[in-house]
Amino acid sequence: MRWRGVLAGLIAVVAACSPAAALDRASVAARACGGASGMTDAANAMVASLPDASVEDARWVATFSNAAIERTLRCGAGAPTIAAPEGARDAASLRPGAPADGSPPLLSLKNRPLFETVRAAATLLAGPTAAERAGALTALERRAGSLPPELFERAAEAETDPALKERVLGVGQAALLNSPDMAKRLAAIQRIAATPDRRALTQIAALKGDPAYGEDPAFRAAVDAAVGSIERWLAVSNALNVFYNGLSFASILFMASAGLAIIFGLMGVINLAQGEFIMIGAYVAYAVQEAMRAAAPGLLDWYLIAAIPVVFLVTAGVGIAVEATIVRRLYTRPLMTLLATWAVSLLIVNLVRVAIGTQNLQFVTPSYISGGRLVTGDFIVTWNRLFAIVFAAVTLALTWFVLKKTPLGLNIRAVTQNRAMAGCVGIATRRVDMMAFGFGSGLAGLAGLALCPIYSVNPQMGSNFIVDSFMVVVLGGVGTLAGTVIAALGVGQINVLIEPLYGAVAAKVIVLLMIIAFLQWRPEGLYAVKGRRK
Amino acid sequence: MTVAVLVEGLTVEFGRFRAIDDLSLAIDYGEVRAVIGPNGAGKTTLLDVISGVSRARTGRVLFDERLELTRTSEAAIARAGVRRKFQKPSVFEALTVRDNVEIGAGGARDAAARDRIAATLETVGLAAEADRLAGELAHGQKQWLEIAMVVVSEPKVLMLDEPVAGLTDEETERTAALVRRLRTPGRAIVVVEHDMDFVETIADRVTVLHEGRTLFEGSMARARADARVVDVYLGR
Amino acid sequence: MSAFDRRTFLKTTAGAAAGAILPLAAPPLIRSARAAGTVKLGCLFSSSGTMANLEGRLNFVAGMAAEEINAAGGVNGSTIEVVTSDPASDWPLYAQVGRQMLAETKVAALFGCWTSVSRKSVLPVVEQNDGLLFYPLHFEGDENSKNVVYVNSPPASSVLPAVDYLMSPDGVEAKRFFMLGSDYVWPRKINKQLKGYWKTKGIDESAWKEEYVPFSFSNFQTLVNQIRAFADAPGGKLVVVLTVVGSSIPDFMREFANQGISSSDVPVLGLDMVEADLEGLDTQKLVGHLNCWAYLQQAKGEANQQFLKRWAGYVGKTKAPFRPDVAIDPMVSTYDAVHLWAMAAKKAGSFDAPEVRKAFGGLSFDCPSGYKIGMTAENNYVSRGVFIGSVNESQGFDVLWQSEDTPKPVPMSQYG
Amino acid sequence: MSAAKRSLLARALDDRIFVAVTSAVATVLLAAAAWPGLSDYRANIVGQLACFALLAVALDLIWGYAGILSLGHGLFFAIGGYVAGMHLLEHSVAVTGITPDIVQFMGWKALPGWWGPLESFPVALAAALGVAFVVAFLFGWVSFRSRVGGVYFAIITQALTYVAMLLMFRNDTGFGGNNGMTGFQAIFGVPFQSPGVARGLAVASLASLVAALVGCRLLTIGRFGRLLVATRDDEVRLRSLGYETLRLKLAVWCVSAVLAAVAGLLYAPQVGIINPRVLSPDLSIEIAVWCAIGGRGRLAGAVIGAALVNALKFSLSATLPDLWPFVLAGLVILVALIFPNGLLDIGRWRPTLLSRAGALQPRDATP
């Protein structure tokens, strides 16, 4: 059980303390400044006091534990203080005017969860807003068993928000898994089974060793039913996880290879600098972020959105420049182009390295792409990945639109299918090449933008995509967006399926070998443009 | 007398596009057969299938009433004596004219082969250019060089895909003369061409293809008179 | 072509032959070092390629240490000149450049390499030329060449104490372990030793899992899912022992935090994690994760303050493209290495590698870490202190635990 | 004078640049063998350059002549290198009795038993060439049969090499993982430090290079060479003239792979280490870059390109470390744009070439 180690001590302290242990703030504060073991004592004392603490005391516990976690607590020669922008306050009395000397005590690995639990419990009791209390309850849900049951009873009594009250009662019930009252135990089992994750499974499966499992058929039935139900849900959430992970990997692959596919389809040119265009895109996004930090700090969180047009235009511009100066002169020699673009990639990487440095760029993580949400059981949707998936879907839609519905797209398709004929009917094929190269590069830049919340951004980042994105392009076949999409989805999902079975290295090896074998069977990929070979 | 090339129920598809649709056709030894028709009628595809470059979906192609060409490799087809000049002049540009023809002759280096190569070069009028790189030749010369490469092996079936495209009138006439000279009783010649005057000069019979099917078969004169042929291809 | 001119031909041929032979006979481009009262030290740290961000700064640290020694009068009457290079994260190139430095530039000692494989590449070179390579990284151990000075700690004296701490009541009483590493020798070797160690402690094999990812792997979604599942399985507290390297470190940490796992749920012990790996990450959510080195920036003591001040000043002066306010263990190890070499050279009164090597025994130096580090005549290992760091809000590490003294380095592991 | 009538040898001497470069290599060979003033360090450099040149010649044979670009020649190079590594380790144990490092870090008791036979050099040589041949044959046969060509082939070979790299990084694959093999003590019974070893290896490398140059030259100017060029220029045409291009391509592909393995075999003892780095996609691209810079489709060009680029790399990484990547990138772009036939054309260059580049340069194979 996850918290067993930490909580054994805690429960022991709770049991030892008399229920009416009054809170001696000064003593707790002093103990918190007494090294790791002192901090453990302080936390335990605060937990023990909570069920009977006054609202004021509970508030103080919340403030004090928060100060320890946020490292605004100062331990010095004198009494402990809490530092704040408006001036230090005495830690025990919270009265201002205390001298702010000393250093923040370091929370050890063991004490950190203790203090976090204390803070959440105190906030649940005395938090001023329902939102805060709800947040605290969420934090406590996984640790409910470690707290005195009276705490939840008290919190439920005091709770004014009816929905929250229900939740508090629920969490309180779940905490009573080992209660002597069989009815409460059964309720706890049901309650725990309602959040069907692995931890719940571990918790309930452990009850099979309980004497009651052999003696009480009702208990046994409840445990078995709960285990069965959780296992079913877990299977579902595992499947969802695999699907989501595959989709997320596929969206990255698609973003990284869409531009490449268009350029390859049109000009038969493999652009080895594609990865570097991705890198440029990420760097431009960074520049936009810094510009917004300077110009409109209030809107900083939205830099990712604001950067979209800038990134596209700048990378497209770089792409057009590369096309005009190098690629078009090598039109008849695709393999030489491959080497020339390799040189371009070398040049770009080193220019960036010399001009900006080799460190990872520092991105602000806007709230909308930070963290994730547990949907069901263990299935978690992380926002940064979802952002990439949505971004890829939108890019796909726009690319499709550009290719199918705009004059440029029409020209690109015409030249892709029959360059000579397109030239004959008056399409300026060289101009189309240039625009398409720019478009493809712009897409690569957007990939860089979508990747900066997921991967590290540094001059080397582009090289990670080279082999993968080429494989997607050649697997998909020339000249069809659909091929690229399907190839990306296939590679992404297969990779994710194999990974847990044989490991990440083997997954990569197996997928690459599968693609190589597939190409032997269909040398021109999934969606070959069929036609005369000569 | 056996039939040189017998095509039966041939269908070729590229994706959803049906280039040849249930086509049947027989080409005899000793004849010059012109295959004409509008763009996309399936002329080049037909040659592709006979020479093994493209594969049929259904149907069969028999050479000399014994060899099933749809299941034979390009190289084996060529070695059996079915040779073809491509629509776009296809010569080995980085090699000399002589090397090109030598390769066409199958690499034999005996005296007879050398004589044959020299004679072929003479026939196509490239003897003086023998040591030049093929890539340096003019367009018309490339056309002849390719014909020389194909002819030097003395094929039993000779297929010429647009042999006079892009040639001057004078060059076209010389090509026509060449084709007539190549016509022997033991050889079938298939010509795909858009130049109707040229076709009229050389062809014994014409086959008009339209949308992958035979629209007409007979003499050029009758083809000119056929309303459907005029409609879809020749124009009024 | 057929009418070729014999004379032109002979001339071209003779010319080409002469041109090809010339470099063989040319005098060395870089003249021998000791003539002008200077002694050269060679650096083998990449400033381009995958290792650039980490290794690049070590070139500057070596320069800074040399400057310090020169300011104090140099060594044996000579001033130190630091020769830098760029092996471009290309392993064979480390060997080539090392060979060139020893044979042509005549450097008195080499300072270099980060990854084990680059050290292994240079190893035959220093052995054949009987040179000295000061290696500033902690590594997998099980190597003991007389030509390499292992300035940092082998696992037995750094990783095992850290793991011990995690398993103790002071730590988190870790019972189970998820080992995640890049797929190469260092992580595999470390994990093998850990497994051997745990077996001696009576921990069952079901208590750990081991996964490896390719170099530069970045898609950690599935693996973090696996860690979450393993953490929730029964058996006690889980700790992740992270031995991925390079860009995989920040990518893993980001995914780990995004899936909502905090250090109080599952702590990560990042054995190769340094401040530079946290650049660009939101460390709010990573607070409490651990690393373990022989130096941390927060180390107490005057020596450290001095070092940090000098580094900041040196970065300002040389415009080095690195942060003036970040110091990582390999920097200090490189700094220590230059000083140790200078002390040994002084003691030996010579720059000859064999003489310098004889002088190692009994050296000791006040390392910025606050420990007095030392060498014995027994081997070329340096005894260092051990720190466990804990990620803080400002992309740095706080000292969570540090060893009493400097444990004696154990080159060869007894655990496998 | 008719080309057909002249002897093969006479025609082999037609290309002045080829003869000049081959003679130059031969001269260096003599110097390396006999000139007393040559330091071990220089000899080692020359030997390494010769290995790279040999590798470039191997690639030029298939890319320059047959128009098939392989971005995976590092694989065959690595096969040679690893077999050399295994041989040297076994031999070192046999000579010195010292347990090599790899046993230690792989956690073995001794070197794997199946390496034993490789202690004999002829066996090792046969193994290196044999494995390279078999791998090349299988991969080539499957790929050429299904007519994978052009850019597709380049990408697939790159992926194959990448797969090999991933596998070799793993310790469990059993070849030393990322560290690879190192700590070779002796070669042919002689300790590595002894004078003359560096020189001997350099001589062997240069001799192999000269042999490969002459051999490839004879191969390419004969009928086989003409057919290769014909395959490159127009494969479908050649097939329709009765030639099984599969066999042609397969033959030259296997020869090229074996040559690359020889280069690797010679390379490992000179660098003293072999590890998966030689399998990285970058190195394989660089080999093509050497050919392109020197002049593709001409054996002399491959030699000049490989020697020039690597000599520059060696000296610049140590002396002007910041400059090297820019020099390399600049060289490639310069060659791509201005000297489409490589630096060999530098004498023939006229400013007008820029506008009409592509007249008669080596073409890529028809897709």
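Odds and ends about this structure:
Going by the order they are written in, the chains are A, B, C and D; count residues from 1 in each one.
By our rule, a residue touches a chain if its C-beta (ideal position, glycine included) is under 8 Å from a C-beta of that chain, and two chains touch if they have at least 3 such contacts.
Which protein is which chain? UniProt says A = Urea ABC transporter permease subunit UrtB; B = ATP-binding cassette domain-containing protein; C = Branched-chain amino acid ABC transporter substrate-binding protein; D = Urea ABC transporter permease subunit UrtC.
Note that the coordinates shown come from a computational prediction; the quantities given were computed from them, not determined experimentally.
Path length between subunit A and subunit D in the chain contact graph, taken as the least number of steps between touching chains: 1.
Chain pairs C-D and B-D differ in how many C-beta pairs they share in contact, with the greater number at C-D. Rounded to a whole number, the gap between the C-alpha centres of subunit B and subunit C is 71 angstrom. Subunit A and subunit C have centres, each the mean of its CA atoms, that are 30 Å apart.
With centres taken as mean Cα positions, subunit D sits 43 Å from subunit B. Counting partners per residue, subunit A has 349-350, 505, 508, 533-534 as the residues that reach two or more other chains.
Residues of subunit C in contact with two or more other chains: 47-48, 183, 212, 214.
Residue positions of subunit D with contacts to 2 or more other chains are 3, 166, 169-170, 236, 322, 325, 363.
Looking at the complex, you find that subunit D touches subunit C at residues 1, 3, 14-17, 19-21, 23-28, 31-32, 35, 37-42, 44, 46, 48, 101, 104-105, 107, 166, 169-171, 176-180, 182-184, 192-193, 271-273, 275, 277-278, 311, 313-315, 317-319, 321-322, 324-325.
Of all residues in subunit A, those touching subunit D in their complex are 264, 268, 270, 272, 326, 329-330, 332-340, 342-344, 346-347, 349-350, 354, 466-467, 470-471, 474, 505, 508-509, 512-513, 515-516, 519-521, 523-524, 533-534.
Interface residues of subunit A, counted against subunit C in their complex, comprise 1-2, 4-6, 36, 71, 106-110, 112-113, 116, 197-199, 201-202, 205-206, 241-242, 245, 248-249, 252, 349-350, 353, 357-363, 365, 370-372, 374, 378, 380, 382-385, 454-461, 463-464, 496, 499-500, 503-505, 508. The touching residues of subunit B, counted against subunit D in their complex, run 51-53, 73-79, 83-84, 86, 90-96, 98-100, 102-104, 106-107, 109, 114, 131, 133, 135-136, 149-150, 153. The residues of subunit C lying in touch with subunit D in their complex are 1-2, 4, 8-9, 12-13, 15-17, 19-21, 23-25, 29-30, 47-48, 84-88, 90-93, 95-97, 99-101, 103-105, 115-117, 120-121, 123-125, 127-128, 140, 142-143, 183-185, 188-189, 192, 212, 214-215, 416.
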